[in-house]
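In the two complexes that follow, subunit A is the common piece, with subunit B as its partner first and subunit C second.
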Partner chain A sequence: MALLTVEQLKIKFRAGNKYQQIVDGVDFSVRKGEVVCMVGESGCGKSVTALSLMRLHNMQFHKQKGCAQEGKILFHDVNLMSLSEKDMRKIRGNKMAMIFQDPLTALNPLFTVKYQMGEVLKRHLHMKKKEAYDFSASLLEKAGIRDVDRVMNAYPHTLSGGMRQRVMIAMALSCDPDLLIADEPTTALDVTVQMQILECIKSMQKRMNMAVLMITHDFGVVAEMADRVLVFYMGQIVEEADVFTLFSNPLHPYTKSLIGLVPNHREYKRQRLEPIKGCVSAIKETGEGCRFRDRCSYAGECFRKDNMPPLVKADMGHKVRCWQYETMPEGSESYGCHAEFI
Partner chain B sequence: MGVTRNSSELLLKIENLTRNFPVGTPSPGKSKNVLAVDNLSLEIYQGETLGLVGESGCGKSTLALTIAGFLNPSQGKIYFEGKDLSSRKVRKSCRTEIQMVFQDSYSSLNPRKNIYSILAEPLRINRLATKKDVAEKVYKLLESVGLPRHYTGKYPGELSGGERQRVNIARAISLKPKLIVCDEPVSALDLSVQAQVLNLLADLQKEYNLTYLFIAHGLGNVQYISDRIAVMYLGGIVEIGTSEEIFTHALHPYTEAFLNASPVPDPKYRREIHNILCEEAADALKTVSGCKFYGRCQYASGHCKENVPKLRFVQEGNTSHACACFLYEKFLY
Partner chain C sequence: MNEGKWADVTKKIKTREYRGISRFFRRKRTIFGLVILGMLIFLSIFAPCLSGNDPYFMTEEFGAAPSKEHLLGTDMIGRDTLSRLIYAARVSLTVGFGTTFISVAVGLCLGLLAGYFGGITDSIIMRLVDILMTFPPMILVLVIAGIAKPGLITIIVTLGLIGWTYLARLVRGNVLTIKELNFVKAAVMAGYSKRKILFSQIMPNVMAPVLVNATFKVAGTIVTEASLSFLGLGVQPPTASWGNMLSDAKSLTVLTSKPWLWIPASVMLLLTVVAFNFVGEGLRDALDPSTEME
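Let's turn to the complex of A and B:
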């Protein structure tokens, strides 16, 4: 039984007089206790997808009709898109919580940590002040903070980046959520701190058996955390697989070359990188066909096909959106794309 | 490689460089100094790429800015081609020969100037082009970084991050420098663009016989571009060697932990072990008498607490490179 099911999610933002399709028909599900990673380059719609699950993206746009949304988001079998804002508020931060890339802007600079953490507990779990204080202190301890008393009375700017992210995690987990959405939680952090935060998320996830939907562009983080991976390209999922299959047998040419580009310091080799040719074009410039075909070196036939390749099932739990994945050579190494600059 | 070079190829030599910054209240007696770069010595050879890695706050950017002349050293000397850069006259004459590429491609370009004037200005000021051939030279620069001619009319805000970084690189090579200090030039870029920019840097190096000091906070990209890698910890270099030696035979406990900390893009390397760097963040303000890594090192002994290890060549197994750690005292030669 899936905890979260997203069906044909489409999100458009207004740019000038036209709408721009940012997320275009995304389908996926997250099961209980599972870690799903969304990867993709910037601008591929992964963050907007995540924000729309929490219904955070259209708050400021709603009034000006700057944003249009279609599809279904089923969480515990309730369609979040048809909920009233009042009911949504009961879910947000309670059964579904989110941590962000930049913890400094996500925390309120005017309030101490204890106040901000207590606010969540008072609101959702109806705790008293003293109770909330003790409970938040225990949460911070679980998130790996040692001098809890100092941190509780501190303002966000006095804490280090890693500490702030731990506070965010503790706060997000305070109501024992079923689903944690983590939007690039470690991108702004150092390698060593990144490792600590990932470890913290992982241990909490195991302890509470919650599902985690993690957004990242770092394949190292994916390899470390994920059970299942969704690869995004220009607002669509182009490949979905469990993490071991994705790294050993990627099917989509985009995934293949991306994985080929990730430096692996465990298997040292000095060689020339083979970048994907071109760069991500604006969505409006792509025609009806496959969106990757301009950058794909196997795309001979694909230019003649005018419709989008469907996300087909290639194997057990392995889906790919490509016309000719069956005829391509296997693995990421053999993918020969020639270096070409813009 | 770095061991057997002769001194004639030496391009930049840093001797006991120290740079400190005052922190906290400036009142007398109370002010504290943070040693961003602490008694550091380093040599960069002609035509090589030296990768410099370390956690944030270890002083890599301060070192870069000091080399490029944005900051003055508090103590110590920098020699460029044998000339002492502390003299203002020498510094001025060497100014075109050391250039820099920054991490943030947007804030390092003037948003109110178009690409043409950004690239023409250094040529004009340094009298490297006459009024007639400025345009020709600008087009040639754009071409060498793989941008089309019509980009001259654009403004930095109209370009993507990768394109802007190409403009930055074009500006850096416009004065025909010998050394380019790259301060995390690809950290802010997307994965596929990173690869393109790294390849561009490698191509330009061959074409113009450039020397790079390539700074990064992660290990990922450094391995593709570097001949040698220096690992920095709290203002000092703890290990330096060819990149193969660093990646395959890391000696210093910090390098080892740092390598372990970086996530590997292959799920079969998933870690279970608790890394020692988890314990405590590096604090540049704390003054220690002995080895700076003492508090976080799992091999530390009493000896490490009292004495400062020097960077010395260590031969162990089939590797020989410089490392600052007492663990290898017995392998010294």
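Let's turn to the complex of A and C:
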């Protein structure tokens, strides 16, 4: 069953005197042991959505009253939105953990790795010092660090970016979480290390049978990691599909363009990549209709429609938010030109 | 041969970890400052054994020149200058450290709160800082010393309670940058409480500049105390203080014909302040790698 279900999540940030809708009615679910990737361009609400799962927007560093969040976040059938801060703290780091984009600042520069890892274990698992040391050492080993003893006693500045990210992963996984949120875990690392880190996450995910919610810009990462993909555009999910369907039969024009932008190395042809024209417009300027219509290459009838296209089911586990598919009758098998699927 | 190589490598790693300490001792001035400070602290602790003469006992020789009996002579009412000088070191250090302790405690706490919680807390604390900073400190101390009974405790408390403003600003500024860093977010994610995050994650990271500033502050406070005592509003006679010893030099006869009454106290003041500043500088270089020296 679904481990995490998000229903109609809406997040607003205050800008000046007005609130701006950053995440607008997002629904999705993550099953146990499943890797879900969130893709989309910068500022489309991926990170905000992920952080809100931990209820981080209520924290002080997001400026107390500058943020409003509504909707339902069901985790293990408990609505996180209604939990007290104290109960929430028991879930953070314990049942739900997170790793960040920039491993360089994610460890406190003043403490050794063993101290920082030990603190988490003491807090959630009430371990003794010796016990915590042995346990953290075994975690580091699982995360693929060879000279565990040196790393345990090292200060973060003596470790490389990849090492630090491994330490972060080990730390995040120390309490055996059910859900790991990875916010672009490989963006700050170079390509070879990227691969190793992804493999590390993947093997840990398999071993511990946990769910991973991964945010990324990189379709290579998506192909490598994901079971299911959520495509975000301006605070909404525009397409949701399993990874094979998404690559072989993308439905939303935005997804199609994104996938079209990945250079094809296998059949190398000198061809120009077709960029998505225009840029993301400010949310307040979009008006009521489809948010992608200004940049959409298919936009025909859409301009006349003044309301938002609904997220419709196109296939088994394949949902899309586009007027093209709205007109199709419910229940018909598939759409678009995708010979291999018919 | 291989082993030798490895020993070399480990040695390098080790020295790297102690780089801060070696950087602290690299400057000769820092060592000079430390030596002077060590001597001062030694003097103040063992004042009764070292001074020989009672600083409060009035002999019959008023304003006598240095002699075997009184190595630095006697003051205008016949007390031994040397022992008064040594006892005054106690006063200066007490005022310096006491005041700085109060200032750091108040400034650090309020700065942390203002920086971390922001919003209304921040506004209130920072406006309080602004208000306190608009008063010229010297005048404020003069007024308070005039109202309350002048004395050691009054000085320490007054200077302590108006001296925290700069530290609070410094701490707040640092907290504002640090709290946005990922390890603070990671701490939230790890399920730590706000109190724990503030005191065990953020506070250690602001301690370096605070420590450096506190050292400079001790020097500043010693000068302020001396000026107040010189004006007669600080430490009250018969308690010795370098400031009130200098006030003897207000008379022209003393200034011109009895230099043993004011030169030693001035030299002590100068040395103390310079020593604290040198140590502060050394600390800054050791703790803040961005001010790497030539």
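Going forward, the second predicted complex is superposed on the first by the 318 of 342 C-alpha atoms of A that agree within 3 Å, B and C clash if a C-alpha of one lies under 4 Å from a C-alpha of the other, contacts with A are read in each partner's own complex, and residues count from 1 in each chain.
Throughout what follows, a residue touches a chain if its C-beta (ideal position, glycine included) is under 8 Å from a C-beta of that chain, and two chains touch if they have at least 3 such contacts.
Note that the structure is a prediction, hence the values are computed from the model and not measured.
With subunit A as the common reference, the superposed partners subunit B and subunit C fit together side by side.
Once the two complexes are laid over each other on the shared chain, residue contacts for A:V78 go to neither subunit B nor subunit C. Once chain A of one complex is fitted onto chain A of the other, the partner contacts of A:L56 are limited to subunit C, with no touch recorded for subunit B. In the superposition on chain A, A:V312 contacts neither subunit B nor subunit C. In the superposed model, subunit B and subunit C sit 80 degrees apart as seen from the Cα centre of subunit A, a figure rounded to the nearest 10.
Applying the stated contact rule after C-alpha superposition, one finds that A:A15 touches neither subunit B nor subunit C. In the superposition on chain A, contact of A:R123 is made with subunit C only, not with subunit B. In the superposed model, A:R92 lies in contact with subunit C only, and not with subunit B.
Set side by side, subunit B and subunit C differ in how many residues of subunit A they touch, and the one touching more is B. When the two structures are aligned on the shared chain, A:V193 is found in touch with subunit B, with no touch to subunit C. Fitting both structures onto chain A leaves subunit B and subunit C with a minimum C-alpha separation of 10 Å. Annotation: subunit A has no residue touching subunit B in one complex and subunit C in the other. Subunit A meets subunit B in the complex at residues 41-42, 160, 162, 190-196, 198-199, 217-224, 226, 243-244, 247, 257-259, 261-266, 268-276, 279-280, 339, 341-342. Per the touch definition, subunit B reaches subunit A in the complex via residues 55-56, 146-147, 160, 162-163, 190-196, 198-200, 202, 217-221, 223-224, 243-244, 247-248, 257-259, 261-271, 274-275, 277-278, 281. Of all residues in subunit C, those touching subunit A in their complex are 16-17, 116-119, 179-194, 201, 204-205. For subunit A in complex with subunit C, the residues that touch the partner chain are 54, 56, 59-61, 63-65, 89-94, 97-98, 100, 102, 105-111, 119-120, 123-124, 155, 158, 168, 171-172.
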